[in-house]
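In the two complexes that follow, subunit A is the common piece, with subunit B as its partner first and subunit C second.
Entry: the complex of A and B
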């Protein structure tokens, strides 16, 4: 356990100095602040409930980037540089190494998102009156879930590769896949198979079920539910089920990483 | 108790490539044991097996009495490793690298502080301890790695090609640290190298490995004595023909490779005129001839038929 903490701490120290993490976190703060003060739809918004749907549109592409930067090379980089060889020769199990690294990365992600949201919340609190502040906190938690799922995904792919360059290409693909390709596939399927129902105003249940395969869709739905703008949803599609699927995503890819890493010759 | 003991240690990859072939070793406590062989001979694979990074296909290995498969954690507590490729976190400072290592081995804060200062002093890196490792030279990185490897006072230290890629001066410095470590801390050192001079200068005993098999194990001087007092290397037009001729005399042919004939003799300086004479009589053109004391390269040539350098 002590060794696991050491690995996590080292991971935090390694990444907290990462200029790309600092840069993308800065971009997130900047986006949140400028949109709250400059975007007409948010500038005069007196209720966080109304604001978060629009904020989510800005946050959703950036947070996966932060998570992917953290995770994409976390294992591949250490294998490539040789430090993993030294780590696995120490009195610590491979399972503990992976758990320590993941917890360290997760901590950096949570710190990054918390600072970004925290700074925005403080600025808002001092400059204007807004109701339903607790919604902003829930919005932040959902954003952490989104980031964590992308972190788990990129962490797993990092365990499959031995080179940082390949891991980077894969991370870029993951971002494009979930941001652009997957929604296109989902919409294409709806047009092809469920067009009739959609025209009658009823989106088929399987369309919602497909959302479970895309953390970004789940995040958007969660935020819409929080904002109260989601209607006519199937019974299985609730905030609880979405949060549960998020947690399954994170756990599944974490366990897959452990399994892969235990079988890898370093 | 032996520091390292292996019995028919074997490692195959994909069931086809035999990287380590029934290796039997016995290394005493406090010994510097040189593992000499060309690239691809199986040195690193052997180190990986002994440091629990790879599982043997068959055979057994024990470090300080602990089995490398069944008692991995115990083995890891007893060993320190310096890998062939640099394995430092370049985004951390030298001190942070050492601190992380010490924490992983459960050293208390006081022990960590004392030990870090001690090892930094030993490898002369106190002044640069708080700089990021990425700003270090190759030699400094190697020294830091060696310092890190004995932070937790291991019983056995594995050094896999510790001076690979270093210039002559840095190499000499590292040799001094290795000797000092062995002497001051009494650590058993298992040193792999393909530099014969390194194995010769540092090792109490040397094992020569080629194609995964150990060819011979002995003290460097004994190995060289097996060849003879002097070695004469002759580059000529027909080495095989000259070999047949000298084999009829009291000269001991070590090997012939390409256009090189190597013979071992006593009082070599007296034999050179005779070799030149018989070569001339038989129409063999001698391009060069040299006399030197036997080294481990000659020993390697004797056992494998090829020079260590390639």
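Entry: the complex of A and C
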């Protein structure tokens, strides 16, 4: 336990001042604020409940980037540079190393999202009246879930590679895959196979189940549910099930990383 | 388990990298309290063996015990007593020397004060708050040595400890190793600098192409390989023939050569003194003498040639 905390602490120290993390968190704040103050549909909107669906569209590409920056090379980099060798030679189990690193990165992610959202919330609170601030808080929690799932994913991929350069290419691919390719596949499938149901005004259940494979779709759905704009959903598709699937995602990729790392030659 | 269990025991260690057999069924034991030199040509499998001892790589076959604890089953506990200097030393570039060392110290259960003292001792006192990114090769090597000494390890495993060190640094390390060994620390070091190994190690293990080719105390190996010590005695006059003949007939003497007022005698280590006594008794004046122990280089070359 002491070992785990020690690794997590080092990971936080090593990453918290990462200029890319600061930069992308800044972008996040900028996006949240400019849209709330400049976008016509949001400028006069007085209720967070109505605003968050649109805000989520802006947040959803950025947060995975923060998570990918944190995770993509976190293991590969240490193996490549040689610091992993010294670490594994210390009296610490490999499981503790992985758990400590993951918790440390998770902490940095949570800190950076919370600060971005916190700053935005404060600016809003001082400059205009908005109702339903609690929705903003839930929105932030969902965003943290989104970030964590991408962190777990990139953390796992970083354990498969030994070189930072290949890890970077893989991270870019992951971003494209979930942001662009998956949605295309989903829509394509719906058009191909589910057309009849869709035409009849009811999207088939399996189409919703596909969402469980993409954290970004889950995130959009969660936010839509929060905003009250999601209709005619199958019974298995609730905020609870979505949050549970998020947690399964995070846990699954974390465990896969542990399994992989225990078998890796350093 | 007995009370005289070895510090490190390696049995039938085998490691393949694809088709390459990097380590091929190696057995050896490192007794407590000794200094072992681990030798072999480039690519012999030294680093691979060392990594296996620390559980850094999965081995294909074989068992490794540290103080009687199996490294696979009880790795965390076993590693508590080991200080390790990797072949490729690296630190977290963004953190200072002290921050780096404190991180490892916490894992080893030692204090920040100990870190500072070690940094002073190893000659990095002035730069302990500098980021490691700005360190030179030798400074990183020194920091690596400091890291390996954290928490007073009973076993030190060093993979080429003097690479990149200046003469002062390597002297410092040599003295530190001797003094630690004096306090009972077992040392296992790989090195290509045979003179250094000869100066500090009591035992050597030599491997070649993944196979063990020799193991034992340096004197025992030289005896076994019939590499004899030589003494050169300088007298104040040319010695008479009969004395040279008497010497040649003594037990344990292989070769006697007279070169003017010098005599060169190749003999067993134990009879070196007898040679001197005999000359003294024969009424000759010994001006000076020099004994040369067989060089580790000779042992090494002979083992490597015979092995292949």
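The rule we apply is simple: the second predicted complex is superposed on the first by the 266 of 266 C-alpha atoms of A that agree within 3 Å, B and C clash if a C-alpha of one lies under 4 Å from a C-alpha of the other, contacts with A are read in each partner's own complex, and residues count from 1 in each chain.
The rule is simple: a residue touches a chain if its C-beta (ideal position, glycine included) is under 8 Å from a C-beta of that chain, and two chains touch if they have at least 3 such contacts.
Bear in mind that the values here come from a model prediction, so they are computed numbers and not experimental data.
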> After the match on subunit A, would you call subunit B and subunit C a fit or a clash?
Replying inline: clash
> Touching A:3, do we find subunit B (first), subunit C (second), both, or neither?
Replying inline: both
>> Under the stated touch criterion, which partner chain does A:83 make contact with: subunit B (first), subunit C (second), both, or neither?
In response: both
>> Touch test for A:263: subunit B only (first), subunit C only (second), both, or neither?
In response: second
>> On the A-aligned overlay, A:91 touches which partner chain: subunit B = first, subunit C = second, or both, or neither?
In response: both
>> Quick check for you: in the superposed arrangement, does A:14 touch first (subunit B), second (subunit C), both or neither?
In response: both
>> Quick check on the superposed pair: does A:230 touch subunit B, subunit C, both, or neither? Answer first, second, both or neither.
In response: neither
> Can you tell which stretch of subunit B collides with subunit C among 113-121, 257-265 or 275-283?
Replying inline: 113-121
>> Quick check on the output: what are the common subunit A residues between the subunit B footprint and the subunit C footprint?
In response: 2-3, 6, 10, 13-14, 17, 81-83, 85-86, 88-92, 265-266
> What does subunit B use to touch subunit A in their complex?
Replying inline: 51-54, 73, 76-77, 79, 81, 83, 85-92, 96, 100-101, 103-106
> What residues of subunit A sit close enough to touch subunit B in their complex?
Replying inline: 2-3, 6-7, 10, 13-14, 17, 81-83, 85-86, 88-92, 265-266
> What part of subunit C is in contact with subunit A in the complex they form?
Replying inline: 51, 54-58, 75-77, 79-80, 82, 84, 86, 88-95, 99, 103-104, 106-109, 147
>> Help me check something: in the complex, which residues belonging to subunit A touch subunit C?
In response: 2-3, 6, 10, 13-14, 17, 81-83, 85-86, 88-93, 263, 265-266
